[in-house]
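Both of the next two complexes hold subunit A, though its partner changes from subunit B to subunit C.
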Partner chain A sequence: MEKLKRSLTGFLVPVLSILLAFVIGAIIMACLGANPFAAMAALFQGAFGTVASVGTTLNRASPLIFTALCACFAYKCGVFNLGGEGQFLIGATAAFCAVHLSGAKGIGGILLALLVGIAAGGLWGMIPGILKITRGLNEMIISIMLNYVATLFMGVIYTSWIRDANTPQTPSVDDTLKLSRVIPGMRFTWALIIALGVGLLLYYFLYWTSPGFKLRAVGLNMTASRFNGFPVNRYILMSFLISGAIAGLGGASDLLGTQFRLINGYGSGYGFDGVAMALIGQLHPIATIIVAIFFAALRVGATSMQVATGVPTSVSDIIQALVIVFSVAGMALTKLPEFEAFRLRVSGKKEKEGK
Partner chain B sequence: MNLSAISSIILATVRMCVPVLLIALAELYSERAGMVNIGLEGLAAIGALAGFMLTYTTGSTWVGILAGAAAGILVNMIYAFATVSLCANHTVYGMAINLLAPALASFIYRVAFGNGSSLMQVELMRGIGIPGLKDIPFLGPLLFDQTPMVYLTFALVIFTSVFFNRSKAGLNYKSVGEHPKAAATLGINVTGTKYLSCVICGALAGIGGAYLTTCYSTTYTEGIVSGRGFIALAAVIFGRWTGGGVLLACLFFGLCDALQIRLQVSSLGVPYQFFQMIPYVATVVVLAIAGSKKAGPKANGKPYRKEER
Partner chain C sequence: MEEMLRMEHISKRFGSFYANKDVNLTVNRGEVLTILGENGAGKSTLMNILIGLYQPTEGKIFFKGKEERIDSPSQAVKLGIGMVHQHFMLVEAMTVFENIILGDKRSKGVFIDREARRREILELSERYGLDVELDKLITEIAVGAQQRVEILKALYHGAELLILDEPSAALTDIEAEGLFAIMHKLVDEGKSIIFISHKMREVLHISDRITILRAGEVVTTVKCSETDGQKLANLMIGRELSSSQYEKKQAGGQPVLKLDGVRYHEQSKHNGLAGITMEVRPGEIVGIAGVDGNGQTQLAQVITGVIAPEKGTLSLKGKQVSVFDPSDFIENNVSHVPEDRNLQGLVGDMSISDNLVLKATGSGRFSKGRGLLLRPKAIRSHALELAGEYDIRCTSVDQDVRSLSGGNQQKVILARELESGPELLVAVHPTRGLDIGATRFVHDQMIEARDKGVGILLISADFDEILEMSDRILVIFEGQIMGEYSGQNPPIQEISLAMTGK
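On to the complex of A and B.
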């Protein structure tokens, strides 16, 4: 019963936060002189109105699911991996270089790209992990610094080393390497299926296996886990490796599925967005995926909203940020002793009335 | 390397170090009261926008600086309420600020200036030479012919050192970050001090952002803060949570930035991005050498609940 109540608050807080964020978003729209109801309608119409737009939304969600799962997995082990963006970009860059330099084609090329992406992302993710367990460094700062390094390194590739003639971008990957669409008429590719598969795998690993349990234990209480004889440092390193590998796989599959080439601004913001989605999803892999799809819908819809009502698309970023501002504060609020007392009083009253 | 090259690097170092220094001092005041705020990047972004807009409309850079401070305080009050009053996780909430503030900044910019193909520019703050000192050969023009913001920032470093080490108020302030329970039994207002620290942090980080658009770059672009908020976090750790240490750390990062720009200009056929990496790689290397998480305020990042034992 107590567990049920807790999962109910775990569900209610994000939902209420989303509603509250939309109310504030509507107020902002009204302040800009747009009809908020028309704008909201245009937003949802744009995201879910037709079969094609659902496909676009799901396609937009694919990379976000990867970075969100990347953040989610690391946090489950109690480490803050803010380097999802760097790991994503290193994965995409390495995958691109691998297929471009080897000239691999077809299904073999796809597998090569995905594997190289996993390896590159994982290794890139290991750096903050190694520095944390050997030198006791703050993993957040290191992983963010590595984001900038990864972005700049991608820049080296598309401006100097593998440049497409005059424009600062790389040539497109070979046509035989591009991931095909799963359902004709909908834009999402097999990248989404991979993303969902990774999510299910993480869920199984975290909640149904012994190492997954230990990993969560490390995340909940590192000192207690150490006294229990869990190899804490090994779990920390593993969580960095796997979370980096997830982001790297995301980069590689997004490159083959949607992006096709490295270009300025690619992947910008994916990492922090992933962090936000993982936090709103309460660090549960399945919930995180749902949140990622929701925010992808918000972005796809924002474009049609801008066309229809003139409200700038960046209002969707504000709504997203507000959701996390409210939901984190809300979760903290429900853990306060004052709130617990208030809840007991309210439910106590109800019981009395029942008698 | 001749003398003029060296002097131009020193000049650039001082110029580059100031915004990071302001943001790092913001974090220093915050962490000394036990508040780990990783939302500096966002606070600086909103400060940069407020500074730019107000300088653009009023024509006065000082109004811009004040606006930056006000914007930083306003946004940081959200963080303060959630972490002090609701005991939310500092890191997670700082991250929330990092998402909210830049989104807000870019939204306000779009609404105010449209999707702007035309370039909005402001006039930068002028340097003021200190009479007498600026005529010292070589060093004079480097150190005593800067904008007033530079002097104020360095004065703030001195004030900070004296405040934390030599004043009763400063020691009381630090005790909140070290052991809030003990501080409370001595009659220190722990919650009030924590809120105060957030006001100072918001103001300084906002000013750090506003410095970028009033003294450094004539335009506002998205991502103008470009990681300075996170480098400032590293500077506080590297500077061992003291005013002087933070100053040295920031001078080092300023030097990296200055060298980076210098090397880009004299590019030796190496892609310029490798030079741009220097400040970020230097941060990682320096932290790896300095190491240790054991230093710093003892109750850093921990929530304070009055009734809890």
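On to the complex of A and C.
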């Protein structure tokens, strides 16, 4: 019962935030002179209207799911990995270099790329972790800074080392390496299946195993975890490693599934989008996946909305931003003692009425 | 003699509890009045009333002959009452000079006349021998110097009555001597001082008169020249030995815990250990008596592996420990009821059932395959069982442990720690903040564990608890064991004197 109540609050906050964001979005649309209902309908039609559009939405969601799970896992251990973008790009870059330089092809090449992506992302994620536990440096700043390093490193690759003739981009990966579509007619590839698999694995690990339990305890109270004999530093390092590895795997699979080459602007914003989605998903891996798909839908649908009703795509960006603002504020609200008192009063009344 | 301060019939009530009741005291110009009392005797409340943080429920305050209402700290400063807190209130990133002029209302306009302020401060510092370097950052100067800055700051803001709350607590002996010289100089110049301390030697050395508080009330006020340490300790503790409701035992057998010359941060008297040698045998409760902040925290943390001693050895069941890590101690069946239950004992945002299995999720009972798959049903039924056995009052065991009352939170910890089958239990202030019922329950459980053969180390600043529970009593003062006493008819007067360092 108590558990149910808690997850209900956890569920209500994002849902109400989304509704509220849409109401405000509708007001903006009306101010722009468009019919908000028609615009909203176009938005959802664009994202989910046809089999093909669902496929496009899911495909757009794949990289977001990876970076969102990356942020989610680190948060669960009480550390802030804001370097999802850098880890994603390092994963993609390393995977590209590995298959390009080795010339590996086919399924072997795919496996090589994914493994190299995991390793590169994990190692990249470890850097802030190591600096935090050995030198006490702030992991947020280090991981953000490493985003720039990763982006610029990728830049060196596509502008100098492995440039495709005269254009600042790398050549495409070999056709035999490209991840195929799972269902013909829908654009999403096996990258999505990998992402969903990672999400399920994280859910199992965090909620059904003893190390996952301890990791959550470390995230909620490091001092008590230390007093109760958990190797806190080891857990922190592990969370950075795994969190980075998830993003790295995301980079590698997105490279083989959708992107195929390294190019200017690739991956920009994925890291912070991931952080926001993990927060809206209340740091629950499954909920985080749903939120990532929802955000992808808003992005895919925005174009249809613009075409159909003339409402600019930026309104969709505004709605996304509002969802983030409302749900973070909503979560802060539910932590207030006044809210708890209010909740008890309301539920107390209900119980009385029930009698 | 001119009267500086008179407090008449001051009472302060919190709910139905009187922190101060009908307190009368006077401070004359040019004297040091010491306020002596145990932890929780009401000293802090009284001082907070004096500096305007609390309003008295009843009573009057006269300052320099005039009745005053002190409704804010700034009002107290305006009257000329300055307080130097035990934990200094300085801005570390600012210089000494900036800290002293902080909050100065004399500057007109936007700019501060630095030169004039400086001259004024230097004059004061010369007059009272408060030697400080004005341009150093607070972080760059020693603790003794920081205290001089605090005193100088109070004087600069016009204090005529200075309250020094355990001023020697953080100081070395030499620094403390310096402080006493300054205090002498201050009273010679006509300032008055209220001095709060637990150290008998200092109290006798520096005071003119001593007011003794016990349970919120003034016991008496005595002239320093007409008393001695034993008399003061008796007045302060002021109790006859009431027979304990628990049977006291004498235990034999191989000690479960043995400390030999354990040292940790020895130079810090209040947060260090200066050569502790002691042992705990199975089936006995060893009580560590002492005023808060004499190394108890560090002692508990060494014995549970949270910190490693710098010197000396620690043996568990006769085997010397080389690695200090809580997990090794837990494996050796050392249980810990920590000092701060929310910070150190519980994960507040996890449920009662999760907290009850906190350390045991890897065991076969609560998971399959060495922790690869938890058994939620076993975890829940375990929680239901313990909630009944330990009388944990909750609406559901899935409730966050944060939402429980302090007493029920403590029962969760106690249940977890006693159910893990300890051979040694380290309990630090186990009943702090608990009501009578919960306290009684915790005590009963500890006695039951003792009778099952658990060796218990009870660290508590509550003297009554120590007397009630302990089979043997050790007194700790400034990181040293001052003496060992039997728990059977313990010599209260001797122990209370030992607690003050004599």
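Please note the rule applied: the second predicted complex is superposed on the first by the 347 of 355 C-alpha atoms of A that agree within 3 Å, B and C clash if a C-alpha of one lies under 4 Å from a C-alpha of the other, contacts with A are read in each partner's own complex, and residues count from 1 in each chain.
Simple rule for what comes next: contacts are C-beta pairs under 8 Å (C-beta built on N, C-alpha and C of every residue); 3 or more make two chains touch, one makes a residue touch a chain.
Not measured: the values here are computed from a predicted model.
Peer 1: Once the two complexes are aligned on chain A, which partner has more residues of subunit A within touching range, subunit B or subunit C?
Peer 2: Ranking subunit B and subunit C by residues of subunit A touched puts B first.
Peer 1: Tell me the contact category for A:116 with respect to subunit B and subunit C: first, second, both or neither.
Peer 2: neither
Peer 1: So, does A:138 touch the first partner subunit B, the second partner subunit C, both, or neither?
Peer 2: A:138 sits against subunit B, while subunit C stays out of touch.
Peer 1: Have a look at where A:223 lands relative to subunit B and subunit C in the superposition and call it first, second, both or neither.
Peer 2: Second partner only, subunit C.
Peer 1: Classify the contacts of A:332 with the two partner chains as first (subunit B alone), second (subunit C alone), both, or neither.
Peer 2: A:332 sits against subunit B, while subunit C stays out of touch.
Peer 1: Tell me the contact category for A:68 with respect to subunit B and subunit C: first, second, both or neither.
Peer 2: Neither partner.
Peer 1: Can you give me the overlap between the subunit B contact set and the subunit C contact set on subunit A?
Peer 2: none
Peer 1: Within their complex, state which residues of subunit A touch subunit B.
Peer 2: Going through subunit A, the ones touching subunit B are 32, 80, 82, 131, 135-138, 140-142, 144-146, 148-149, 152-153, 155-156, 159-161, 272-273, 275-276, 279, 312, 314-315, 317-318, 320-322, 324-325, 328-329, 331-333, 335-337.
Peer 1: Across the complex, what residues on subunit C touch subunit A?
Peer 2: Spelled out, the residues of subunit C in touch with subunit A are 304-306, 325-330, 336, 338, 343-351, 354, 358-359, 361-362, 366-367, 370-374, 395-396, 398-400, 403.
Peer 1: Write out the stretch or stretches of subunit A touching subunit C in their complex.
Peer 2: 1-3, 6, 207-211, 213-214, 216-217, 220-221, 223-231, 340
Peer 1: Any idea which subunit B residues touch subunit A in the complex?
Peer 2: 38, 78, 81-82, 86-89, 91-93, 95-100, 103-104, 106-107, 110-111, 115, 226-227, 230-231, 233-234, 237, 271, 273-274, 276-277, 280-281, 283-284, 287-288, 291-294, 305, 307-308
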